[in-house]
Amino acid sequence: MRGRILGILVLLAWGIAKFSFEARLEQRMENTRLGGFKPTASLRQQAGQAGFIAALGGLRSAVADLLWIRAYTAWRDVQYGRMKLLFDTCTAMQPRRVLFWDISAWHMAWNGAAYVQNHEPDPVVRKAEMRKFFMAGKDFLQRGIESNPDSWELYERLGALYKDKLKDFENASKAYDEASKRPGHLKYTRRFAAYYLAEVPGREREAYERLMALFNESEHEWLLTLFRHIQNLEAKLDIPDAQRIWHTVVKLAETPGKEGSAYAGLTDLIKTGSREPAVIDAARAYEQKMDIPAERRVKLPVQDKRPSD
Amino acid sequence: MIGTGVSAEVLKRMDAPAITIENLTKEFTNPSIFSRGKITAVDGLSLTVEAGHVYGLLGPNGSGKSTTMKIVLGLVVPTSGRTCIFGRDSRDVESREAVGFLPENPYFYKFLTGAETLDFYGKLCGLGGKMLRDRSRELLALVGLESAADRRVGGYSKGMLQRIGLAQALVQDPRLLVLDEPTAGVDPAGSHEIRDLILRLKQRGITVLLCSHLLSQVQEICDRIGIMNHGKLVREGPLDDLISIENQTELTLENVSPALLAELRERAEAGGARVLGAHKPQQNLERYFLDVTAEKK
Amino acid sequence: MSTEISAPAAAAHASAHKLFSLRRTWAIASNTFRDLVRQKVFYFMLVFALILIGVSLTLASISFQGQLQTVMDVCLGAMSVFTMLLAVLATAMLLPKDMEDRTLYTILAKPVSRFEYLVGKLAGVTMILLVATLLMTAAFLVVLHFWQGREIENLQITEPAERAAATIKLIKSGTFTPTLFGGIGVIFLRSVVCAALTLMLSCFATSWLFTVIVSLMVILAGHLVPIARSVWQGPVGAAEAPFHIAILLRLITVFVPDMQLFNVVDDIAVGMTIEADVFLRIAGLGAGYVLVYLFVGWLFFAWREL
């Protein structure tokens, strides 16, 4: 008995000593994004007893993966309600898995909404149901972002959702902006942020400045869509001719060693509606210099063709 | 002993009795949930085993012999009282440096061979290397298990287990050997050999504490015995003194004629003695068995 | 039997008795290791874990997207669970078996302290857990390497170039990371903590089944310690919980180890990084638990009637 009493006292002393250490370590791990999972009563209901116990025992991710496979079975069987429940459980079990949030949102806002669009005959009900799916998708992304604030993918998907489904260009731009600030983001997120900002009434000037910053950054940013948006804004904002981008591109065409990059820009300008004679002349001069075959030369619409074309 | 470099403490221990038990009491809590109270396994036991003696601790089942042995070996903590081995408290781990123990029905790790078993116990006693290997080989020869040295203990017979148990008890060349039923399950030839071994160990000055139900064997080899019953020591002392019938004398004659026998009877009765009987003495059954089986070999 | 006995083994007792001897402890540890390696429980656990690692390949192939992730999740989960089960089952049998067979008497009748005996037993179990972890890790790394190659091939076919390149770069840099190996180290450490806990419980339990059940219950309860702690610490929770529940929760936070702190595999599987100081704290906490459980086990065992 003496040994047992002493043993229990030592365990008690250790328990008191380690309490604050464990609490601080838990906090430290929370701060570094580790251990974000917390077992809750709702998870117990969602996962069932066996799943809950497995989740506690170190099989959380594995159980989430199994439920994820089941969610795909539900998708095959077109059971969007069951899919949502399974997605909720998977994301609760493994909130750090960006893919879960991303794909869940995609299924809700794109596939689920499309299903309703194709199968619901009543237009009023169709619109309401589609909106529910859009909001479900948005909810997944926002919750995903709470658990994974550094995920550029989730912000990117949110931006796409705002733009494609909710037609909210201002929030779409904000989301792409946030994506572009996260590590590992793809370059197009910066462009998209500016593109959608241009669609927001009253923000055109701001969008123009951002697009021009991209334009001036490097020729690698000289893409067709960029040129289209800049030219549209140049017209909308009535940018003085001398400041328009075609001058920069034509000047570059005169720089030795930069003719190739400039030609790409010139062709994009033409494709996006520019009919400045200097642009067309510079393009044709390069084509002649490089002996580019006729079928590969940039084409003008019939009404804009010149005798020399 | 001045000038030997040996401390007084060590000298004192060298002269100390092998085992000293002082007012030993051990109570166990009654395991039954239906009755409270304690069970007294050993009750105020005091005895001394002098160094170099073979001491037999006897008693019926449940008399407290095993508990006493376990307390002496430091395996069980006494309720009160004290036990010492060569002057050192039994609860000191160091006291077991000088002790070898063979439990009743010994069991060893099945997956070890005989040689590996001795190696294992030798290492527990601080032996190692070539010394341990040599010692293991010697002990296996001593107990007659040379041919089974590389066989797993899981395949040993009862007798072989007893022998390997004896070998492990001797591995560190102890000054005290505690043997609990050392010949249980061993055939008469093996039993005889173990008995001879104990006597040889005694000649070397090793103290032996022996528990056995084979009283004939105890009678042959023990110097002193203690008999326990219900946890108490009811008899204790030199064997010869305890079992001799004081007022009787045995006389063994060879080639005596009936006439001479009758004359001796008359003389004895005339002198006030009573002749209780005259019969042919019997040889020891064990001796008879050994002689017969030795011939057949 | 030989009739001769040689001269006493010289120098056997020349050196003073050490309170704690590595040689004695190592003898018990290596013996325990050999014993456990021969037992079926070790092979069953190992085979199951290796099967599960193999099954991860099948699961990954039927999972849509993130197959590499599925492989990591299932394999790390299997390693986590099986090392824990192995720790509990292997340790629970040690003391009862020695007591039942009475080998314990022959060992403790030698100049071996009960503390050395316990340390030796725990060291033996730790060695078996290390071997099991290494074997599972080797299988896991082979499977992971194979699936990483497949995932990269898939991406090159199915994704646009820029996206594929970025994802491939992420996969290559994010799969075999120091954090992954650190996480496997934490799995091993957690199993040693479970073994130490089980050994402590077996020092006063009378049957191995009791030890197994209670150990598993404590380990399970350990995963709920964060909830218990938050109820205790949070003003709202503490006020809302009934008195007896509040006492129970406090007892849980004090007496039960917080196993969630060792449960980092789920986060490592998704590529989170363990910072060095967090890993050191977890290691320190684990070492603390092992030492305390060993000491308390010795206290339980020291006065135990054999």
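By written order: A, B and C. Residues from 1 in each chain.
The rule we apply is simple: a contact is a pair of C-beta atoms (placed from the backbone, for glycine too) under 8 Å apart; a residue touches a chain by one contact, two chains touch by 3 or more.
Predicted model, so just to flag it, every value in this text is computed and none were measured.
> Let me spell it out: compute each chain's centre from its C-alpha atoms, then which one is farthest from chain B's centre?
Following the centroid criterion, the farthest chain would be A.
> Based on mean C-alpha positions, which chain is nearest the centroid of every protein C-alpha shown?
Chain nearest the centroid of all protein C-alpha atoms: C.
> Which chains touch each other through the most C-beta pairs?
Maximum number of inter-chain contact pairs occurs for A-C.
> Take the average of all CA coordinates in chain A, do the same for chain C, and state the distance between these two points in whole angstrom.
41
> Using mean CA coordinates as chain centres, what's the gap between chain B and chain C in Å?
Chain centres of chain B and chain C, defined by C-alpha means, are spaced 46 Å apart.
> Roughly how far is chain A from chain B, centre to centre by C-alpha average, rounded to an integer in Å?
Inter-chain centre distance comes to 87 Å.
> Which residues does chain C have that touch at least 2 chains other than itself?
303
> Provide the residue numbers of chain C that touch chain B in the complex, in ascending order.
That would be residues 1-6, 8-9, 11-13, 15, 17, 19, 21, 23-24, 26-28, 31, 34-35, 38, 101-103, 105-113, 303, 305-306 of chain C.
> Would you pull the chain A residues touching chain C in the complex into a rising list?
1-4, 6-7, 10-12, 14-16, 18-19, 21-23, 25-26, 28-29, 32-39, 53, 56-66, 68-69, 72, 94, 96-99, 103, 184, 186-187
> Which positions of chain B touch chain C when the two form their complex?
For chain B paired with chain C, touching residues are 28, 70, 73-77, 93-101, 103, 105-109, 111-112, 120-121, 123-128, 131, 135, 138, 141-144, 163, 165, 168, 172-173, 178, 190, 193, 196-197, 200-201, 204.
> Going by the contact rule set out above, which residues of chain C touch chain A in the complex?
Spelled out, the residues of chain C in touch with chain A are 59, 62-66, 69-70, 72-74, 76-78, 80-81, 84, 162-163, 166, 170, 200, 204, 219-220, 223-227, 229, 233, 253-255, 258, 260-261, 263-267, 269-270, 272-275, 277-278, 281-282, 285, 288, 292, 295-297, 299-304.
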